[in-house]
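So that we are looking at the same thing, I have put the structure below in structure tokens.
A, B, C and D label the chains in the order they appear, each numbered from 1.
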Amino acid sequence: MEDIDVFRTTSTRTAPDPARIAEFAAHINQSKNPVLVYGGDIARSDGWDEGIALAETVNAPVWNGPFSERISFPENHPLFKDALPAAIGPLSKALQGHDLVVVIGAPVFRYYPWVAGDYLPTGATLLQITDSPYEAAKAVVGDSLVSDSKLAMIELSKLITPRNSQPQPTTKPTSTPEILEDIKYPLTAKQLFAVLSVHVPEDYILVQESPSNIPELSRSRLGTICKPDSYYTMGSGGLGWDMPAAVGLAFAEKWSGRNRPVIVIMGDGSFQYSPQAIWTAVQHGLHITIVVPKNEEYGILKSFALLEETPNVPGLDLPGIDIVSLAKGYGAKAHFADKAEDIQDLFKKALGNNGVTVIEVPIDKHIHALLDD
Amino acid sequence: MEDIDVFRTTSTRTAPDPARIAEFAAHINQSKNPVLVYGGDIARSDGWDEGIALAETVNAPVWNGPFSERISFPENHPLFKDALPAAIGPLSKALQGHDLVVVIGAPVFRYYPWVAGDYLPTGATLLQITDSPYEAAKAVVGDSLVSDSKLAMIELSKLITPRNSQPQPTTKPTSTPEILEDIKYPLTAKQLFAVLSVHVPEDYILVQESPSNIPELSRSRLGTICKPDSYYTMGSGGLGWDMPAAVGLAFAEKWSGRNRPVIVIMGDGSFQYSPQAIWTAVQHGLHITIVVPKNEEYGILKSFALLEETPNVPGLDLPGIDIVSLAKGYGAKAHFADKAEDIQDLFKKALGNNGVTVIEVPIDKHIHALLDD
Amino acid sequence: MEDIDVFRTTSTRTAPDPARIAEFAAHINQSKNPVLVYGGDIARSDGWDEGIALAETVNAPVWNGPFSERISFPENHPLFKDALPAAIGPLSKALQGHDLVVVIGAPVFRYYPWVAGDYLPTGATLLQITDSPYEAAKAVVGDSLVSDSKLAMIELSKLITPRNSQPQPTTKPTSTPEILEDIKYPLTAKQLFAVLSVHVPEDYILVQESPSNIPELSRSRLGTICKPDSYYTMGSGGLGWDMPAAVGLAFAEKWSGRNRPVIVIMGDGSFQYSPQAIWTAVQHGLHITIVVPKNEEYGILKSFALLEETPNVPGLDLPGIDIVSLAKGYGAKAHFADKAEDIQDLFKKALGNNGVTVIEVPIDKHIHALLDD
Amino acid sequence: MEDIDVFRTTSTRTAPDPARIAEFAAHINQSKNPVLVYGGDIARSDGWDEGIALAETVNAPVWNGPFSERISFPENHPLFKDALPAAIGPLSKALQGHDLVVVIGAPVFRYYPWVAGDYLPTGATLLQITDSPYEAAKAVVGDSLVSDSKLAMIELSKLITPRNSQPQPTTKPTSTPEILEDIKYPLTAKQLFAVLSVHVPEDYILVQESPSNIPELSRSRLGTICKPDSYYTMGSGGLGWDMPAAVGLAFAEKWSGRNRPVIVIMGDGSFQYSPQAIWTAVQHGLHITIVVPKNEEYGILKSFALLEETPNVPGLDLPGIDIVSLAKGYGAKAHFADKAEDIQDLFKKALGNNGVTVIEVPIDKHIHALLDD
């Protein structure tokens, strides 16, 4: 990249009001059983370490905000719980037992289907730290503080009395390797991610736009994010962002010399927003591996229709798309694979070699429940 | 299509103010040498016949407005001239000799590159009839009347004194068959259109989004539009509209039982805006034939760079795209052809059979002048 | 006024689509008992005579649209009824018995308080002619035709079969002179308007912004408008427009040489939006007579609170304003008068002499019902 | 005032990014000859004392930002200079000799007439601290930091090396009492303010909207602001704000029990935007004293016309307005006074008694230069 003349600069971070942060710290210190919810601001503010430090000082479980576009806390940490469900009732149920919810760097909250319930567990209060005045204004509940997440956590940590109780053991559900023992074809998404997890490299970036498979991906080893700046997806659920985003991330890895491989899990429907991005990646010699779990449908919208009890929604099937042919049309290496070993081989090879590879994998068409029970 | 409940209706046409139309008629009657410019409103108002009647009464040459999205007048009519150039100077030069310019159903005017000059030939005045208050307000020159084109032409015709002079012989330039005699490969666009013109059916719809080849297409038999509602392209030059538009037109032909084949000439760059439209067409069993003249570049932008004397514009090349593979990815029949006979055969077969066919044809990469001299 | 260079013009009227107007005429011809509702477009399109001709051809009663900003039909005409009530239920009740409602030049409809009911009497249909695409789109019921009112009425009249039945006798309620026989002070608004009506000139312009007194004014001789272009008020109920509007009208009377006196009835609350307008009028030597019926309150908002059953609305009283002092502050002749003879004398003198005169008259503070029963 | 339910709160201040504030501090420490420009943010952030502390640490002169809506620094402080001129060339001329301009809590910059010149003295750089991201983005020159002013100054002060050089003597020009020795009538604005300055109370709020007289007011004792939260005017030059603002301030003084008198200097033109505000003040028994220097014109616009060399601008005269009559119309005590002693007496009495008093004082109509030389 060429140099650019810079004529003037402005600060890009704001720190917390000391009086406000002191109020927040006092609330936390007085809480009997606080819980933390982390969001994408933390990742963007480079606050991974500060987030860990804060969680360990408060010694409270950490959830990922619903539909979070980044992961800001190691998912293998003993304090990590899971992603919060994106619906009013289930979310407050998940937080039951806590008297204080501390949200850092996330909206309060991103909801997807409407499911009745309270915003918070009875008796609980909420504090939000966000770098967005807009998010502060529109939070449905709680008191807000506008600040860069990292700077706020640094100040907060100074004022928090550490809790010395035993760390709470993690409950994040993860897939067990047994699921690969007795395979029927087509694979389930869970099995596909188990297959891909066998050869997960030490360092990688995971990009996903595979709506109905997010929970299964998250429970796999591949989808369990333990390092900073390793996970990117669309904010909320706006599709079409991740294919071009993956190209941008691969550019950054190349230019910076970090050279982490970019792994993309891309739904067959979501693939259609910007297949052209593949061409850009190919032309620029980037390293991207795209795996497409193909269920030939907008799966999650069928789950949605189930939850909302609206049968016969038209236009949710996606037959007759040849992902391999599309990918080759834009110059990528492309393969169809339906057997576990083939997928594993192709995935390993793709990660090992530079260039753009697309792997199309048929998966079963079982309609999942939109919300876990 | 299912029936739809209609709760209320509003009129969709407005007629001309009689006083204003009388003024316009008087102007035309007083003119020594008027000229007509027709635009897309006429086609949309179903005014094909009224446009011919008016032209023959005034006995004046008819131009198509620059960058017109429809053709509203038979291009084989003795009074038809050509499409006006889309630039200030060249446009007024083309109208030289006329003392009155009557624009019906078009903006005044759509310009593309800036080329110095007067808006009108010296001494000439302009009248505009448009159904759009916005276009009336923003016309750069002339007096405007807001009305449906067809209704305005009906009223106007009643007040115009017919001119009995000999019809002026047409000057619309057309390609001659000789251009097929001595072919070198890859074909020029002119030759490709000559090849396609051999088997042009009696009735068809032509859709085009092939910026650098518009003049050649227009001069071919295929591109010479002689029947109403047979030609559609993007308004002004906004790409990405024609692929989905062709699908909509094919739907209409199917549902209405008219069943005219839809022929699409689609640049290899323009193809990339909505290749997904092919999938919709395939799934619905529509009849569309898409020919892609592939020059592996954004050809017209290179012509633009030439005119503007801005060398080294990056990003204008489009190597490495396999149109056949893309089209097959969405389920279309797809063929590569570079020989005249093969193209002719494939085109004839595509027109004869239902379904979606894409024919990729490499053409030569000569950069044309943006404006004719 | 100085001359202004005019570079280009556009038409300002559109005529009706002949097909649509024929449909509308057929509807009217088939109706057993149509009713007409006239609005401000007619006045603005200079369609006073055409409105009378149409009404007499159809031989149907004519209502003024609710909250109309102009009066477009002579209120002493045997076919004139009254202004329609500005509420859903009462409006359709007023139109009961008609099978067809033809609205020309008015919104469908302006409503003020919400009062439950049907939009139309059972079985009735509605046609609207409006020059505003926006009003056509947002009409709550009926079919619309977009056109200048005058041009539409000219075309409509050609297609209507005259109805020869006896003219229906008018029912417009008017105040009788007796109300002046037994006066108690302070005057009621009804009495004030009766007093002012004694010396009403042959030609005048009436401007009013006196919300709670509109019905009484309308029933007085002063408020009964029988000539074109003689009445102006705010569109809908947006206050603050009439004081400056009166100044503009007085300018127009002066410059045009028509020299009709401008009479303004201005509520003491409404007076406060733009008292500065008086200064402009004084400085330009205009002829305006402003009568302020002073009830020391936002009277109509108290009526509104009554209807809505919301007692104790604060801020509806306006004590301690000296209108005479304000008017003098801006250079007008100004008088306080509470006795019938004094008011009459001052009003007569003000109309006789050029210049700006403000007459402040205390009236009684009885809270009217917002809607007549 | 009644209590209000508060459901949620958000922080209203943001603190500076520590890294950015350190950069700013380093710049200041390295500067040879810095200058400070203070704006309204400081007053709003309650940073009066911090502003003094910072100025004394840096030991640099303090200017008030051009067209500042508040005064944030004691104008009798030895480091106070003056208000900066609101024009490009004159502003940078005023700052000549400084190598660093530190703007805190103000736009960079508010300009009124366009006068050619550099944004900054040659070789100088600029730092801005503002609580408005919008102002940070639109500053014409310099580097910006977004933060509450008070919090930023607290942090900055910790990092600044105090400069021990002798304080620079103030140069703020002030009117001398001699100007009252030899009075001709009508008074000049300078004399009027000198008259009013004789009995200036210990504590008061000054509100002004008297465009052409701002410099003279500022140089008088009345207009020399030495205490926090004592001065309010329109931001930039948008008229019509100060009359209602004075009412709001008087409410606040009453409710808070501070009971400082509110003194308003209101141009005869500016008075016309919201004379109705007087009524509100009267009805609520507030204590406001409004002095109207009446030159019967939009004086400053005549100065503007002079500077721009555009003679014969129409509509700049304001004859025939009786301010006393207007004020009485809304229930205020109101007096005309043209003699020094009368003005002094009336002013003293008005300040001593509760209630609203308006004093109309004719002043001479000399057209000032828009910018001092």
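FYI, a contact is a pair of C-beta atoms (placed from the backbone, for glycine too) under 8 Å apart; a residue touches a chain by one contact, two chains touch by 3 or more.
Since this is a predicted model, take the numbers as computed values, not measurements.
Q: Give me the fewest steps it takes to get from chain A to chain C if each step has to go to a chain it touches.
A: Step count on the best path from chain A to chain C: 2.
Q: Going by the touch criterion stated earlier, list every chain that contacts chain A and also contacts chain B.
A: none
Q: Quick one: which chain's Cα centre is the longest way from chain D's?
A: That would be chain B.
Q: Whole-Å distance, chain C centre to chain D centre, using C-alpha means?
A: 48
Q: Quick one: chain B and chain C, Cα centre-to-centre, how many Å?
A: Distance between chain centres: 52 Å.
Q: Taking each chain's centre as its mean C-alpha position, how far apart are chain B and chain D in Å?
A: Measuring from centre to centre gives 63 Å for this pair.
Q: Give the residues of chain C touching no fewer than two other chains, as numbers and ranges.
A: Within chain C, no residue touches at least two other chains.
Q: In graph terms, nodes being chains and edges touches, is this line, ring, star, complete or other?
A: Chain contacts: single closed ring, each chain with exactly two partners.
Q: Looking at the complex, which residues from chain A come into contact with chain D?
A: Interface residues on chain A, with respect to chain D: 8-20, 133, 136-137, 139, 141-148, 151.
Q: What does chain B use to touch chain A in their complex?
A: 272, 275-276, 279, 282-283, 319-331
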